[in-house]
């Protein structure tokens, strides 16, 4: 390796790099001493130590002793909380939208991970240790997504995958697929009615595909070698996975009616779990969501940026929570992901959620929605040591993330933070170009990439 | 003692009854008692009383006689703050972000300084009540788009006509030519950007010469109907402020130079995202700044992650007069949180509070009218259960231009309707 | 839009006739035997024969040594103090394959996608899936790309069709011949693939391409099994669906045909290696620019690699004036940023050396490199630790072996093809010139360049005042397999530059805009308006006396080269 490249990084980063260079999943050990531990699932514990060994939380308690060689971190006066989890984001991705077809279940953003995205570091600096890197919302059935851990510093896309996390797929209802396909190309779906039928057709085709495969297997079993399987289709394979519950649906939706619609479709096809995203009108069907067992991952206060979010309320997360819906708050933005703790705290202004309820929105609840609730999302013995240390309370406007741990390795340390954290440096241009992201962050990044596609397709 | 308690109970019942009935803004005489008054300009008054009458603060202190006709609101344990001022928004000008026919901020053309934001502000925008319940009483509504997109106006977030809302300040908006990229999708080469920048700067100067020329023909036979140019004359003459949007470090320096070369009397820089890079120059030039949003991403990938949080504080430290804005439409309600982040990342609570109260008032030349709790000032204020930057804090009462404004809006109504939906799950 | 540009280009800018004759080709051989006498011969990297003679007869190396007899009738070239090397082999490029003129598509009111095409399920040609194609039929022996590469010392190349994700199969060609097919040496030795999405149809993104490839691969395996079964016993079995694309992929899934996978950046390299692990094909990574990150993985997996000869451009020095203006604080920041940029630059320049040190063998690809940068880039790699033997191996023996042509190429040995390059100094020495290139019996002679380059740089400062551009210039633009001639008019009125561009195919003159003269570099744009569609040709040329040369960029489309000569006297 060419070590010269890393000269300018501080010792901290050097460590980080040497760590990441040869390891798939680097783990660390440390003893976090004397903090106020916000376990999320088991209340708040004052003056408590958290012992991390090889990337796992080994012990939580008072006066713990560090094993030999394990570093101690003094967290006196600090708050120690589980690493924040973002159930909806597009950071760390090179491509977001394959917008050429209303159904693209076969594409997989995990094929296009970008570990060099500096947004990952910025998210770490906001205490976020894992995120759900999602396909965009151009298609009724979009591509498969990837749950990533923010192990920043590696050049290998595989290093940021959260191995073992369940597979997920993006669906999208309402204006976006209607605009891209119906309005843009004059093909189904141009309405919410059309979206329902696009999804039903895809599911029905997958059932046929599955049946044809079964028929083939059966014939083979009976010694008939003349029967051939249906032509392999990556799309049908994925859809089959959805129907079998191996791939969890994460559906972009805003309006109550369309949320209700997808629950009906899923019932009809025997899909019994799904998570709605944004769900600005989720509050209107909160009892129905709860009855179905569907989850909702929402914005804290975004509304009005398009018509389908005009009749929104910032009390959405509160209403959903009070109605028993598993709810999280997500970012969908490289900006918001930097302060999800602040977004969660807004539920205290809009509906008065308790600290534990508010913190759950960005920790254990998104973890459960992603199917990783048994591994991360709370400070419990045996869980992975994704931990964030705050100065001040994370739900206070004055709370500042100080250190962020993933698998027991410190990836962000405010007290040892070099300015320039790029991994991707342009050798031809020392000073990176200036640009303002003001307009970008206001609107859903879900549609990232469709602009160009649109242009190529329709504007000539 | 018992009588006291009784009267207190009566008082509580009465006010609460009143509050429950209020669904319109009410003007009257109010006495807010036993509150902690955070005056901003004159420290904190504990256990104080404030009297509001005829739209103004008429008395304030720990020893105040309550007028007989006053509606008394017991604010024991609560705090009174001056209403927050957002120095840059498109509130009321844009209703729905994706539907162009609900948008009135961006007129066609590059040079349209005569476009009046005040004309198009929709007093009934759903976003207005959503905004003010977080203590934001006053905002700049500004046109967006070309080089000179129009005239911005300061409005109070109460009233049904432009005259009722107008808060006493207008300024011409100017987007200083930018040598930065427009976004992640901007693929222009550095050279192309530079070329376009040079061209725009040249156009700007040509335009300015024209305006100066117009000044000399005004009133003569040669005067033609040029409302656009005419709108600029007060700026050239120094009677009107010029709100110059500029963000990149080198652009800020160029804008300082331009302001000095052209002798602009009342320049205000807005945006100023890279102000921290040129804070010394800004301070030396004595040009006030309205910066924000604080909650934004760094302008360059090589920048420290918290630069946008720290920017306001760094400029303040260098001696720049800094106000904070959201540059938002429907979420101007986040102004106190923007200030809170600036406070946490180096500016300090006191200065961050000023940056959304008295400092913008000073910048707009209205420091004798708004921006702090002082006798004689417009009664733009709110009562909260604590630090209004904190999300946990509740805003209890709101006064704008002396009107008691209900703590109500569509978000709250939907909450009340749907927290326990009826019919619920079953018919 | 691309289609529109192409169309406009074809109609307005290019003349299809008037292709310039390759001067080298004009030399008609009078004998089939050549001898380079008394030269320093480098038969292979690390080997050296001083004052030796090499004889090529009928296109083959006939004899080589210090005391050999030169056959009678041989053309003897006195090569004292010259160096003779085996001709270089380009590891992968589109050399000799002109950009296709796209057929006029019907409809297309809304862009490049023809009417009636379902963007979600387009014909595979639009999707970029044509693995069955060969370069045969596309090769042009007189394409400029052939002579450009040849004059650098390249005598053979592994060339692939142009296209998107799966453009077709690769062939080894020699860079001389009387016709396209005359250049073919080994056909269909590889399958080429790149992460190039289709335009406006599936696969329209990186994730689409990867998904599509996985699917094609699995389908090929399935079809292969079906075909085998059918062949063994067709009775009662449905006939397999015939499919050119899938059938073309069968040797790939059988592990017989290597997949040359274009992967310039580190992320792409990792992605390709992951796909290889999953699907199990025979992989050669090509076009690598950031492979130093994966040195260990390359070594462990023993993956062959072809490095790009492209390097990032050295940034121009900033003018002193700009620097003074910057604040101390900013200087500190700038210093740090510059340090990072230059460390990064060093990393690119050191890629080859780092891999060589780790014992990884590699070839070089000219795919992304401009011919005029190739020798400079090689020097930069050598400055950063690549030995000249390693560089030579990457240009000769390694690619010969990798491409399976080492029995005939890659080193100088009796009986091998007479492909060689002769230079006046050692090839990698500063200021060396290629004097002769011999390919399969064809001899190409080159003049030594005048020592202008260095002087030019030194005199840049005073050039500012001395460069005069005014006047009428005859230009010749070349690239994309086409060329066009026309005139440029420049005038300079008190420092205000202006001008026009014209050629016989254009209805009128194009007004030049954004003209800037810095030193002797002139940049300007020529917007060509066509029915409301504006296409801008961006010029960057260097003026030297009455000659200028440089490049023309058409955004999103490509680059052409331009040369021009001034008519008459400047004002």
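As written, the chain order gives the labels A, B and C, with residue 1 at the start of each chain.
The rule is simple: contacts are C-beta pairs under 8 Å (C-beta built on N, C-alpha and C of every residue); 3 or more make two chains touch, one makes a residue touch a chain.
From a predicted model like this one, the values you see are computed outputs, not experimental measurements.
*Asks:* Using C-alpha centroids, which chain lies at the maximum separation from subunit A?
*Replies:* Centre of mass proxy via C-alpha means gives C as farthest from subunit A.
*Asks:* Per-chain C-alpha centres versus the global one: which chain is nearest?
*Replies:* Checking distances from each chain centre to the full centroid gives A.
*Asks:* With chain centres defined as C-alpha means, what is the inter-centre distance between subunit B and subunit C in Å?
*Replies:* About 57 Å separates the centre of subunit B from that of subunit C.
*Asks:* Take the average of all CA coordinates in subunit A, do the same for subunit B, and state the distance between these two points in whole angstrom.
*Replies:* Averaging C-alpha atoms per chain gives centres 34 Å apart.
*Asks:* Report the inter-centroid distance (CA atoms only) between subunit A and subunit C in whole Å.
*Replies:* Inter-chain centre distance comes to 42 Å.
*Asks:* So which stretches of subunit A touch two or more other chains?
*Replies:* 419-420, 422, 429, 431-432
*Asks:* Which residues does subunit C have that touch at least 2 chains other than itself?
*Replies:* Touching at least two other chains: 337, 340.
*Asks:* Identify all positions of subunit B at which a residue touches two or more other chains, and write them in rising order.
*Replies:* 249, 302 - these are the residues of subunit B that touch more than one other chain.
*Asks:* In their shared complex, at which residues does subunit B touch subunit C?
*Replies:* 191, 195, 249, 277-278, 280, 302
*Asks:* Contact residues on subunit C for subunit A in the complex?
*Replies:* Interface residues on the subunit C side: 1, 4, 109-113, 118-121, 199-208, 210-211, 214-215, 218-219, 222, 226, 229, 235-238, 241, 266-267, 270-271, 274, 292-293, 295-296, 312-313, 315, 333-334, 336-348, 350, 354, 533.
*Asks:* Taking the complex as given, what residues does subunit B use to touch subunit A?
*Replies:* Residues 95-99, 126-127, 130, 134, 179-186, 190, 193, 247-249, 271, 273-274, 293, 295-306, 327-331, 333-334, 337, 340-341, 343-345, 387, 389-394, 410-412, 414-415, 418-419, 421, 424-425 of subunit B touch subunit A in their complex.
*Asks:* Which residues, counting only subunit C, touch subunit B once they are in their complex?
*Replies:* Contact set of subunit C toward subunit B: 327, 329-330, 337, 340, 514, 523.
*Asks:* Quick check: in the complex, which residue numbers of subunit A touch subunit C?
*Replies:* 1-2, 4-5, 7-8, 22, 94-95, 97-104, 106-109, 111-116, 135, 143, 155-158, 185, 187, 225-226, 228-229, 231-234, 419-420, 422, 425-432, 449, 453, 455-460
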